[in-house]
Amino acid sequence: MLTPLKSEQRIADELRYIGAPVPRPNALRLLQGRGVYVDDIVLPRMAHVVYWRSPIAHGRITSFDASFATMMPGVIGVFGAEDIADICTPWVGTLAHLPGMKSPPQYPLAPGHLCWQGEPVFAVVAETRHQAEDALAYLRIEWDELPVVANMERALDPDSPLIHPELGDNLCLTRTIDNGAVDATFASADVVVEESYRFGRHTGVTMETRSVLADFNAAEHTLTVYHSHQAPHMMQDLYSRHLNLPEASVRVICKDVGGSFGIKVHSYPDDFATVALSKLLKRPIKFIADRLESFVSDVHARDHLVKARLAATKDGRILAFEIDDLTGVGPYSVYPRTSGIEGNQVLNITGGPYQHANYRARLRVVFQNKPPMSQYRGVGHPIACAVTEGIVDLAASTLGIDPLVFRKMNVMHDDAYPRTGASGIKLEGLSHDACLSRIERMADYDGLRDEQRRLRGDSVYRGIGIAAMVELTNPGPAFYGIGGARIAAQDGATVRLDAGGGITVMVSVGEQGQGSETIFAQIAADTLSMPIGRVRVITGDTSVTPYGGGTWASRGAGIGGEAVLQASNALGMQLIEFACAVHQRSPEGLKLFNGQVMDVENSAFLSDLKDLASQAYFRPDTLPRDFQPELSATRHYSQRDYPFVFTNGVHVSYVEVDVDTGMVKLLKHWVVEDCGRVINPMLVDEQIRGAVVQGIGGVLFEECLYDEAGLLKNGSMADYLVPMAAEMPDIEIAHIETRTKTSALGAKGAGEAGSAGAPAAVMNAINDALAPFHARVTSQPITPEKILVALGKVKPGRV
Amino acid sequence: MELSGQQIVAAPRQAVWDALNDPRALYECIPGCEDIEKISAEETRVRVAVKLGPVRARFTGKMLMSDVTLAERCKLTFEGAGGAAGFAKGSSRVELSDEGSATKLTYSVEASVGGKLGQIGGRLIDSSAKKMADEFFGSLDRYLTGSPLPRESGREPAPTTKSADIADLPRSAPEKPFVRDTSVIRGVWSGGLMAELYRVGWFTLGVAVTLLLKHSF
Amino acid sequence: MVERQPIRLVVNGKSVTTTVEPRMHLIDFLRDELQIKGARVGCEHGVCGACTVRLNGQMVRGCLVLAVRTTNCTVETLEGASDRGDLAALQAAFHARNALQCGFCTAGMLLAAAELVATRPDSSREEIREFMSGNYCRCTGYQAIIDAIEDVLSARSGSVAGGKKC
Amino acid sequence: MKAPEFDYVRARSLEEVFSLLDEYGDEARILAGGQTLLATLNMRLSEPQILVDIGGLSALKQVSVVGDALRIGTMVTHAEIEDSAVVRKHAPLLSEVAPFVAHRAIRNLGTLGGSIAFADPAAEWPCILVAMRGVVIAQGVEGQRRILADEFFIDLYTTALRPGEIIVALDIPLSGPNSIYAFDELTRRHGDYAIVGAVITGEASKEGFLKDARIVFLGTGNTPDRAHAVEQQLETTPLTRAAAATFARALDITPGGDLYNSAETKLHLARVTLERLLAKLAQKLEVPEHG
């Protein structure tokens, strides 16, 4: 039963869809190969653009000659920065609420200063993609190299080369937190443990690469952009402002999106260049990044070095955490969500689950001549959780306390909310105790420990890794809005009774495969008590849906769902009011049930919504003169009680390490997660499984390998190791439901819990397996070589 | 990745050192060298066609000799642009020591390849750089001891040092690309061979055209 | 310009006679020339599997086959196999298990799963994972796909063997 | 990335192949399975003028016993080897190794001859061919040549094939009743290029010796890497499980590093792999197989 919003609102008695594993209706077209992605769309006079990307990490163009290339068959033109300078203005990727953050202006095409291998500099437009690539090979371009900043640990040295001399140094952002009596606590603590954690830079590798089809209509001065994107309204605002077009004449349409994970929530220079070229050439221009350019142009993530220490008492009470996070981003802060948020979240979230009061943290975000870095699924959580849970495990083993017991002693207890964490994060209500005891039973923790001990006798080394985590979801304007970015923190839904008696829901949160359209249908169907088959959901079109933020930071269900709930509620009340006018009854006596209007007491049938719709649309003459039925309702919702609604979960990973080859076999993985009300258990579990495997990619396999000249050495699917089916474990999932009181729906986010905790759990499991050898590995990805070096079987070649 | 190798050259140290500075010797010994032209004592402009399995990449750039201690040690650095393939930088610290009447060459190899080839070829950059270095120093021995060099078929005879003068190449390329008169080329626009001739852009085009004009007329 | 060459083949049961540039791989030919969009381009170097189609009944990487080489062959994409009802059991199992999210890898996954069900019906769970490890998916984490294939195999062996699958 | 323009011809006879190779020289590429060549072309790392497709020559697709060898045509695919009963009967090692080659979709088109001609240092077939004392049958305008696998792989991607020659078939000596073998490779992911792999072949003798042993590594050198020192020791010392570690320590190869593994790591992994394979074979020698 949905908690009633206000006394006079009627919500259907029993729930048929919310809470049920409803299969996704829009999956059927995908199963038949009838999805429509951007590359599937063909428009008349459509041309293709291909970008010449800087082959070096830092330099300056000295000569450019395209005279031969332009003579090639099918070539429409070759363009550089100056050709679109007066069409699209540059941007700066900073946020006001990250004080002192700086980043230089960035242009759609680099005006000569080459800042990373992969930066778009020239555009070749031709009739076909093949012809454009043929011409690309005949551009005659020469450049001078400049000293490269490719090692983040030396980027702030006084003698380090400067990427942007005008900025004075390579520092993008710094921030510190210093709460409680940190120095005193560490000085007097019984036990202090210290460790450094290295996280390899890696990227999302979405199946569908970034795709844009920009169609500027010169006659109407309107721009339609088919975009593979997560935030259509954000891009509408950016294109409108930077191309000087009225917002109403910019339309962004996101049909099927082939995976995004945060990679497609940003704006990219080649997006702006493609749109600008469409305006310049007055014809549709299609840009489909191929896989090779994706590795050097999609945003990267997770490039961090974190030094951490923890202070605890002899009897195992954690007193203080301290961290120093150094993160090397790209030459520009990404626009508009910036390259500072990942590091900022590491500071906010480290130590999240625990009761300590003393916390000091320093963040330095430094520029590098490597692809720009920004939000990718989990954002700062995989770093913060791995640092926290790694050092907590080190403390537990130093104190000789079982790591599960140590966590049970120190996590915030479920009865102690609301409260503020040591880093200042405001926590509404979490369930660490419930999650820890649930996963203990689910994974048969004691049984695993017995098996681990027994197998050590046969020199088989297994490890059990635990990772408790907090996760921010349902963000309010605190994330971006207050910093001046026009990124909507609210979402809107319009729910309409159609003439045929069906319900159409238009909502501003989009679908990228995670199933948000399905849960919106579930919510609308239950709220209006309609068969779900009669509910149709439309998203991803700025000209159709209300204005809203889109998909990011695990907010789809929590924010979008609540907007759908409130709009459906409003429509429900309007329909009852309409039925009252028709049947001369008072609202308390009627209810909606299964697409009909019924008497509350005796459930007598009064009318079917289909008939009411026809009457309203076609026979208004039969209605009381003074009554005008309203058959659609729009509601907007934003979460304003907390900066973010935090939720939590816990992972356990069970691995076997071959101590001769350093190979790790993932045996099993468990997750207990609390995302508040679970609207669709199947879809939530699948979100967690997909995110866990992405986390496993980061901890074991994925890294962008750069040499000192800032050149990528493994930019193909053969050498950049994305996780594949054979090596992945089965993942068992359970839920605790601590509903948020910030909304009637009570749902919190679930999309990033998997990638937040999996790296920590797998790292801890590997180090648990290596414990008999007193070896630890804290540099991700944990490759066989790093394990062999830790075991002393091989000298450290290069970490 | 730091790699190293050794090669005994049955010739006195001075002769080996002279060969390292003689464009004719370099043309014979650099694997896949298609053209060479000495610009100064330290700098030699060179065009190298690299064959690696099915991969064909033509690098046009220059070879620098630095950190020189006469007839004892130096550093050879090659930097070349490979058109769409990207660009390559290879360096080798070479030390010459007497080994009886012969000379022992010990050398390091370091390679860094940018652009697309680097992205994709990462797996084999080091081993192929090592292979090219081994071949170069191996050829040096055969060149100095007069035994025949493994001449790949179809490679034009070495141009005289001065005749293939790249330096005074016309800055702006000729209006229409010239056509070689052999039957293999079927049309000015035929992607295949034209790609081969012009693939690295005008600079090479200039080189290719200049060379061909000199040879075929 | 290299001349287009004539080819004649059967695509999804329909005869196609046309000319094609020798360099065009099968996926671009299907998508750009025949407007058959079911198979997708994911990497163009034969690793991700998004471009999987059937050539003479066998699954292949569409990006590693030249269209000019498919003359006198039969090609089938997900649309053809789906409309023929050849994948009904797998499609139903994938839908029930949510063994797809964004859908970009689904064509390759279904055709690979179909070849496994047809040629290795008694595969263990680990053998299914190995066979399917040639197709990259970033959304599902693979478990639901493996479960869906197991459902189809056990239903098939259950019905074939008439008894409980041992 | 879209491939550059090139012409295409489907050869109707070997003679036509040789005349095309003569006319275009290095400008022509042989198209066999295309699984490596097309990836290279799609990435524009090679811009040949013409592809000569030898897929239409049915003579190159035969598998048959010829004398004391199993003759496999150059165009036989990895999948056909994987599924072939004739191969399983006469060269069971090939049947065991085939599933390690990439993934089934690649194996459905990729060919044995293509893999041998390409000679990737981490590929399975070159290493297996050397271990089984195979012979490459090359053919050009002047006729056929038989090249021992030992002399075929010269350097990184460099074989003994002469310009204008193609591989037409591979001869693999038939495995006898006492032939035993062991193969394994270490990969981060199933189907990847191997970090290190090794195969041991030999004849089981009643006295517990592994006779005519050959030990060949893949992924360590520029070509299939023979462990001669260990082979010699196996001639004089019975192979027992206890001795496996000492044999492995005698490994004399010098691997190079790769993207993820230093040279020292590769040597360590090679030793571990060798020791495990020797232990597996030692077990077979203790319980000699019956027929």
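Going by the order they are written in, the chains are A, B, C and D; count residues from 1 in each one.
Following the convention adopted for this analysis, contacts are C-beta pairs under 8 Å (C-beta built on N, C-alpha and C of every residue); 3 or more make two chains touch, one makes a residue touch a chain.
Bear in mind the structure is a predicted one, so any value in this text is a computation, not a measurement.
Student: Counting contact pairs per chain pair, which pair wins?
Tutor: By contact count, the leading interface is A-C.
Student: Among all chains, whose Cα centre is located farthest from the one for chain C?
Tutor: The chain farthest from chain C, judged by C-alpha centres, is B.
Student: Roughly how far is chain A from chain D, going centre to centre by Cα mean, in whole Å?
Tutor: Distance between chain centres: 45 Å.
Student: Report the inter-centroid distance (CA atoms only) between chain A and chain C in whole Å.
Tutor: Each chain's C-alpha centroid was found; their separation is 30 Å.
Student: Mind checking the centre-to-centre distance between chain B and chain D? Centres are C-alpha means, answer in whole Å.
Tutor: One centre to the other, that is 32 Å.
Student: Give the residues of chain C that touch two or more other chains, as numbers and ranges in rising order.
Tutor: 1-2, 21, 23, 44-45, 130, 133-134
Student: By residue number and range, which residues of chain A touch two or more other chains?
Tutor: 73, 130, 134, 137, 290, 292, 705, 713-714, 716, 718-719, 724, 726-727
Student: Would you give the residues of chain D that are in contact with at least 2 other chains, written as numbers and ranges?
Tutor: In chain D, 1-2, 4-7, 41, 43-44, 189-191, 193, 257, 259 touch at least two other chains.
Student: Taking the touch rule as given, give the residues of chain C at its contact with chain A in the complex, in rising order.
Tutor: Going through chain C, the ones touching chain A are 1, 21, 23-24, 31-32, 35, 37-45, 47-48, 50, 77-79, 82-83, 91, 94-98, 100-107, 110, 126, 129-130, 132-146.
Student: Inside the complex, what are the residues of chain C that reach chain D?
Tutor: 1-2, 5, 21-23, 25, 28, 44-46, 49, 52, 55, 58-61, 63-66, 68-69, 112, 115, 130-131, 133-134
Student: Where on chain A does chain D make contact in their complex?
Tutor: Listed in rising order, the residues of chain A that touch chain D are 129-130, 133-134, 137, 290, 292, 660-661, 663, 701, 705, 713-714, 716, 718-719, 721, 723-724, 726-727, 783-785, 788, 793-795, 797-798.
Student: Could you please specify the touching residues of chain A with respect to chain B in the complex?
Tutor: Residues in contact with chain B: 55-57, 65, 67-68, 73, 117, 134, 136-142, 292, 295-296, 705, 707, 709, 711-716, 718-719.
Student: Quick one: which bits of chain D touch chain B in the complex? Just the residue numbers, please.
Tutor: For this pair, the touching residues of chain D are 1, 4-7, 23-27, 29, 36-37, 40-41, 43-50, 118-121, 155-157, 163, 193, 222, 256-259.
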